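Listed after this line are the structures, all set down as structure tokens.
The two complexes that follow have chain A in common; it is paired with chain B in the first and with chain C in the second.
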Partner chain A sequence: MTHRADASSALDNRGYAGPLIRGANPITLIETAVRDRITESLYWKEQCFGLNAATLLDRAVDLSYIGGTYGVGMRPTPFLCLAFKLLTLTPEKEIVLEYLNMGGEEWKYLRALAAFYVRLTFEPVDIYTTLEPFLTDARKLRRRRKEGYVLMHMDEFIDELLTKDRSCATSLWKLPGRQQLEDLDMLEERVSPLQAELDELDEMEQDQDGDPRNGSESGASPLVRSSSSEG
Partner chain B sequence: WDDDEEVAAEDMVDDTDGLDPEAEYAAWKLRELKRLKRDREAIEQREKEIEEVQRRRNLTQAEREAEDREYLEKQKEEKEDGRGKAG
Partner chain C sequence: MSHLKKTAYEAAASDTDFRKTWDRSEYEAKAKKEQDERREEGRARYEAKLEGKKWHKPVDFSTLDATSSRAGRVDVASMVGKSTLIPAGSAIGKRGRGAGFYCEACDLTYKDNVQYIEHLNSKQHLFNTGQSGEVARATLQDVRNRLEMLKQRKREREEEDKRMGEIDLDARLKKTEDIEEREREERRRKRNEKRRKGGQNGIKTEDSGWEGRLGIIS
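Right after this comes the complex of A and B.
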């Protein structure tokens, strides 16, 4: 496919021949109404024209907030415009991981953008394994709401992507639950960095009660299990 | 009114990191613990459900029916109670 500077090949609804995500044109992951607002926005026309996977970084490092649409006019944020641009570019997985890991270390809004893209385009198991490490990233993020801004944190945003069904004016496709994938042996149990501390607390509690909690032992919740394997 | 009106910097939320590393870490820890608690409760809830299904399967037909009847009656009672209060 010849490279076009604008997104006309992705947006052409008479026929689309580009790469597919889960069997469909990736831009359909953004809702139609929002899509129209994006392609009509000034930021899209002025700042997103002709970007490729490398030059998009120049825009991404300038991001100063995340969010979907804002104001009475429900204007799309630059964050959402760039996410949409990424969907028309569908960069290779390695590039996205590079945004997320190396680039994300320095530019938090780039990490947020890549995480959002990962949630939309990766396979379920990959989404969990790729995004969960960033639940330890406590950096602050500014988020633009309909009116004004709010403060949130990277870990909250990642958690939102993993557990909620809507984020940034976009309905996130149904991701199978973590537990479900664990039961199918497709995913290992997530171990939080706080797990050791939590287990200690648990043991202390049990000692104080003087009650071995024989009821819950047969229940074998993973948290109980991991504490017994340590001791 | 819907024109490109840049918001002044002071109206924006401050997103500078590392102003108070200890407090920021403590806040993160709290969020992480809340998530762990939520996930743990979800697992317990699911196990409880599975247990209940197993228990019901092990009952005889008559026992199951008796249990259902009891549950329905209780529901009806509660409904009537609620109606009394509302009126």
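Right after this comes the complex of A and C.
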């Protein structure tokens, strides 16, 4: 099996005959304007040409930040270009999991890249079960913004992918809420590995100020949400 | 055959190893084939022209290699050095070697690196360099092997950095030792100087400092 070095067959939307994701050419998961910026970028033309799912790793291990577009010209980050390249390659699920686990242990930006791809292409239940284990990955990530960089952590990025509707210049398709899938018996309730610690913390606080807080709160949210997700 | 009755020319030729002695029938067959191809090509080109189309020589895909990813960045810096002033109005992909980015395989010159890279990605260039433009799909095993290779490379680099760091640390320690040694040396020299001064007079002077007195005592 082969694919075009310049991804031309994947980029040709009308004559597209490749694998579909949610009934469409996977490249359409990235907005048209951003797609054009990617394929016009030097990084795409020079560094993404001729890659397959194995040689793409050469580039991914060199990533030093995540992000969508940056600068006044809204230039696409190498992170976004590689995510887009993956959408044209549509690697098998086992390959994506290899990126996430074996590769992701060694290279955090490779894990972030694979996680982003998982959020775009996997089925809802698989998205939760595949990504949630990395809510305990506290490694720091640099993120390129319109101006400059900000610091965040892997768990925050994973949480963003699971709870937000936009990430890295891409609108994320509507993922059913965790609770919804639990109610349909499609997902088991998630017990955060941090839950025991959180409970302990609650108890300590209660002991200290004698404030009998409602105990149900600690068990209500199965996900560790970032502080900015509400409000 | 021809090589049995050697002419002076053929005898001379056989002395030089780089000249291939053709079997006449083989040669003739080859010439005939080429002539046929040319004739066929001319006919096809003529027919295409009648239909208002441009004719392209068909590509024998079986002889092409799969395209692979770039080993590194396109070395633009080294080419810039070779290029001089770009003449005004130089066309995209100018025939022949000129000022700018030159592709040897296609004999075309481009005026900037983006155009040059676009050319490297083009069908025309891929065919001219014997590539199909098709990339082999990676298997899970390919991905695993790649990860192993990259991990090993990373380890080696870390080892190297560590070694260089140690060398660096050793050098710094050595430098500090050298400086301290020099300072000790300098203090010793001063002390001795004072002692010698004191010794020269042989008399303890009123305003001689602490060190001077020490010198006399010792």
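Keep this in mind: the second predicted complex is superposed on the first by the 195 of 231 C-alpha atoms of A that agree within 3 Å, B and C clash if a C-alpha of one lies under 4 Å from a C-alpha of the other, contacts with A are read in each partner's own complex, and residues count from 1 in each chain.
Here is the rule we use: a contact is a pair of C-beta atoms (placed from the backbone, for glycine too) under 8 Å apart; a residue touches a chain by one contact, two chains touch by 3 or more.
Since the structure is predicted, the reported quantities are computational estimates derived from the model, not experimental observations.
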{"item": "Combined model on chain A: chain C and chain B, fit or clash", "value": "fit"}
{"item": "Contacts of A:Leu151 with chain B and chain C, given as first, second, both or neither", "value": "first"}
{"item": "First (chain B), second (chain C), both or neither touched by A:Leu42", "value": "both"}
{"item": "Which of chain B and chain C A:Asp202 touches, first, second, both or neither", "value": "neither"}
{"item": "First, second, both or neither for A:Gly50, with chain B first and chain C second", "value": "second"}
{"item": "Partner chain in contact with A:Glu160 - chain B first, chain C second, else both or neither", "value": "neither"}
{"item": "Chain B versus chain C as contact partner of A:Arg139, first or second or both or neither", "value": "first"}
{"item": "Which superposed partner A:Gly71 touches (first chain B, second chain C, both, neither)", "value": "first"}
{"item": "Distance of closest approach, chain C and chain B, by C-alpha atoms in Å", "value": "13"}
{"item": "Doubly contacted chain A residues - partners chain C and chain B", "value": "42"}
{"item": "Contact set on chain A toward chain C in their complex", "value": "1-6, 42, 45-47, 49-58, 61, 89, 91-92, 94-95, 98-99, 102-103, 106"}
{"item": "Chain C residues within the chain A interface of the complex", "value": "66-70, 73-74, 113-114, 117-118, 120-121, 126, 131-138, 140, 142-147, 150-151, 154"}
{"item": "Chain A to chain B touching residues, read off their complex", "value": "42, 64-65, 71-73, 108, 135-136, 138-142, 148-151, 153, 155-156, 159, 178-179, 192-195, 198, 219, 221-223"}
{"item": "Interface residues, chain B side, partner chain A - complex", "value": "1-2, 4, 7, 11-17, 24-25, 27-29, 31-33, 35-36, 39-40, 42-44, 46-47"}
